[in-house]
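Each of the next two complexes has chain A plus one more chain, namely chain B in the first and chain C in the second.
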Partner chain A sequence: MRDSPHALSWSLLVAAMVWLIPANLLPIMTITQGGRSKTSTIAEGIWQLFEAGMPGIAIIVMVASLLVPLFKVLVLAVVYWRAPGETDPLLSTRAFRLVYWIGRWSMLDVFVVALLAALVEFGNLASVKPEPGILAFAMAVVLTMLSAHAFSPKQLWIKTIPDQRGV
Partner chain B sequence: MPEDKDASLDQERASTLTCPDCHTDLALPTGRGRGAWRCPRCDRQLSGAWTLKPDSLLALSVATAFLWVPALTLPLLRLENLGLDNSASLLDCTVALLQGVYLPAGVLLLFTLLTMPLANLIAVSRLLWAAREHMPVHSPRWMQVYRLSREWAMTDIFLLGILISMTKLGDLATVKPGAGIVCLGLAVLLRLIVETLAQPDQLQRLMDQQAREVADAR
Partner chain C sequence: METPEVKKSHWPSPIWLVPLLSLIVAAWLLYDQLLQRDVQIEISFESGSGIKSGVELRYRGVPVGSVDEIVLSEDLKTVIVHASLNRDAEKLARENSKFWIVEPELGIAGARNLDTLVSGKYIAVEPGDGEPEKEFSGLETPPDQQPDLGLKITLVANQLGSLKKGRHIYYRDLQVGTIGESVLSEGSRFVEIQAIIKPEYSKLVRTNSVFWNSSGLTVDVGLFKGAEVQASSLENLLRGGISFATPPEPGPLAEEGRRFPLNRQADDEWQEWAPIMKWRESN
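Here is the complex of A and B:
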């Protein structure tokens, strides 16, 4: 990996993978209502939306906050791994472009927590406080985006460049 | 003779393009075909489906600029709970995380919700103005900023975040939308229209073509 032309992409991706662990295990926010506090992780927040009878919203949050970050990390790892001897650059390029653009939607949960924390400030009556999980999650999302940014699809086509077909 | 060679090289350069992703040399399409133009080899979009009209897009960018300040400062949502009420603007949301251990997350919000959308607005306006006036843009930084800010400006995602927050707050308090959400919604809509119609590669080619025409006229 050290001699790889995309060592920076790999390093950032590994860092993102590490941050994804606390992001999914630690609570992202605490909601206080009527003197009772309840902390929730990303997965618990999604489950609460399902229980509250909002399956549509729950699915959006589940896709953006749970599935997309994991999917993006996995796809990027496969693309980087295959890049030096890529035999199907078109498939890898399409996969890379897909995760490149959907990855930014994972910031959704960070924005929701920021908005709730700014809005719900009624002391013990009702309040929302951010928890460390949201910081880890934001780090994971940004590192994944930076990793994708450090990689260029050009690297998938290097083997084929001398053989230009032209149109 | 060397001058003839240079001229034919320039002509060839003007009529061909190298795909930035797969390095295939492509002939620029003649005429105005319908639909987006894509690289036949790697499927990269090289041109949008519509003709780039700097005048109209600049007008939309100016409209976005007018909406930007109220979108930042006016309340997005208003909450009422047992006689108490509170509201928050986009600026408040950014400040909410700009303290203590959450400072990096706050800085990220500042970057994605304030700095990058503003950079996007300024860069695209500068480039469209140059294209409208047939003026060359000497610094490549404007285009770099435009390309970067398309990815890192996240007000569109924040808008979806507001919708989700409203549903989450439903059982906590009474939620009323504020004027800020209307301004932000319109600003995001206009930005998305401009970004869709002003594809960076297409805009760059238009400006390169204009620069060549100016050079030829001299």
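Here is the complex of A and C:
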């Protein structure tokens, strides 16, 4: 990997993977409602939505906050891995473009927590406090986006250009 | 034509510092948040008035944790306070640890915990001595007013007067015990007052000790001697209490549950009794 032309993309992607661990294990926010405080991680939040009888929203949150970040990181890893000897550049390029396109929506969770924390501030009645998990989540999202940005999909097509072969 | 010289570095690109740094910071964050997390404890109280989330737990006046959540127990008979104790105060949560709600006390004989009027109530902790524990049942009154330990005797009086629970029992105006629950006697002719003498002073109570209600003020007006006013301490006068004395020839130690009559006032003679009783010696 050291000699790979994608060292920058790779390193940022690995950093993003590292940050995904605390992002999913640590609580992302504390909601205080009527004197009761609840600190929850992403998974706990999804489970609470299920229990509250909102399976639709629970699935949306699960896809947006749990599956998509993982999916992005995994797809990028596969694309980078296959890049040096890519045999199906079209598929790879499409997958990469998809991930790149999702990137702009990934800060949604962070945005929601930031908005809630700023807007819901009624002391003991109701308040929302961000927790360290959301910071880790934001780091993971930003690093994934930077990693994708650092990658040039042109590299995927090198093998298909006869002149460039073997360079 | 010159060919550019290609140098291969043996070191990986410095960009790999980013994941390395991420790894260190993320690991520290995980460690800090998961392993250094506050200790969660549960305390059950009969009533949770004035306690809300965010209320402090204090030990020796210093905050050591806070209340997270208050829920009702399944049978609706108690409230369960979920609290988190700071990591460094973890040792406070062990078997026999005592938790009680500190609230302001205002009375003519004195005021206590006035700071809670402004800052709100808090939960005080007194560490126990056993194994670490997570669930506790809170005390309704502070432990120093908690008449649990000591020699329990029953005083029989005609009238309860102002001898409410928690009032003190004095020996030579020194507090040596507390008044507990009062009930009517079987025939409803008397009031039975439970008195608890602190264990260290239990040797002062003998079978021939006399008890009297020292809450009153005795005013004796005579034509030739003028007025004679008698009262024990002012606090006693205002709050009510019981005093006792033991005759110069002390009898055997009073046993648990013994009944004594409660006199309405002291004989002058009783006040002068000064038998030598070694209260400090151990069994």
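Convention: the second predicted complex is superposed on the first by the 162 of 167 C-alpha atoms of A that agree within 3 Å, B and C clash if a C-alpha of one lies under 4 Å from a C-alpha of the other, contacts with A are read in each partner's own complex, and residues count from 1 in each chain.
Going forward, contacts are C-beta pairs under 8 Å (C-beta built on N, C-alpha and C of every residue); 3 or more make two chains touch, one makes a residue touch a chain.
From a predicted model like this one, the values you see are computed outputs, not experimental measurements.
In the three-chain model built by superposing on chain A, chain B fits alongside chain C with no clash. Look at A:S11: by the touch rule set out above, it reaches chain C but stays clear of chain B. When the two structures are aligned on the shared chain, A:P89 is found in touch with chain B, with no touch to chain C. Shared-chain residue A:F111: touches chain B; no touch with chain C. In the superposition on chain A, contact of A:K154 is made with chain B only, not with chain C. Chain A is touched at more residues by one of its partners, and among chain B and chain C that partner is B.
Residue contacts after overlaying the shared chain place A:I31 against chain B, while chain C stays out of touching range. If you stand at the C-alpha centre of chain A, chain B and chain C are 120 degrees apart, rounded to the nearest 10.
By the touch criterion defined above, A:P132 lies against chain B and chain C together after alignment on the C-alpha atoms of chain A. Between chain B and chain C, the shortest distance over C-alpha atoms in the superposed arrangement works out to 12 Å.
Shared contact residues of chain A, touching chain B in one structure and chain C in the other: 132, 135, 139.
By the touch criterion stated above, chain A contacts chain B in their complex at residues 31, 33, 49, 52, 54, 57, 60-61, 89-90, 93-94, 97, 104-105, 107-108, 110-122, 125-126, 130, 132, 134-135, 138-139, 142, 145, 149, 152-154, 157, 160-161, 164-167. Chain B meets chain A in the complex at residues 20-27, 40-44, 76-77, 79, 81-82, 84, 86-88, 92-97, 101-102, 104-105, 108-109, 112-113, 151-152, 154, 157-158, 160-165, 167-173.
Considering their complex, residues 2-3, 7-8, 11-12, 14-15, 18-19, 21-22, 25-27, 32, 35-38, 124, 132, 135-136, 139, 143 of chain A touch chain C. Interface residues of chain C facing chain A in the complex, by the touch rule stated above, are 8, 12-13, 15-16, 18-19, 21-23, 26, 29-30, 33-34, 52-54, 68-70.
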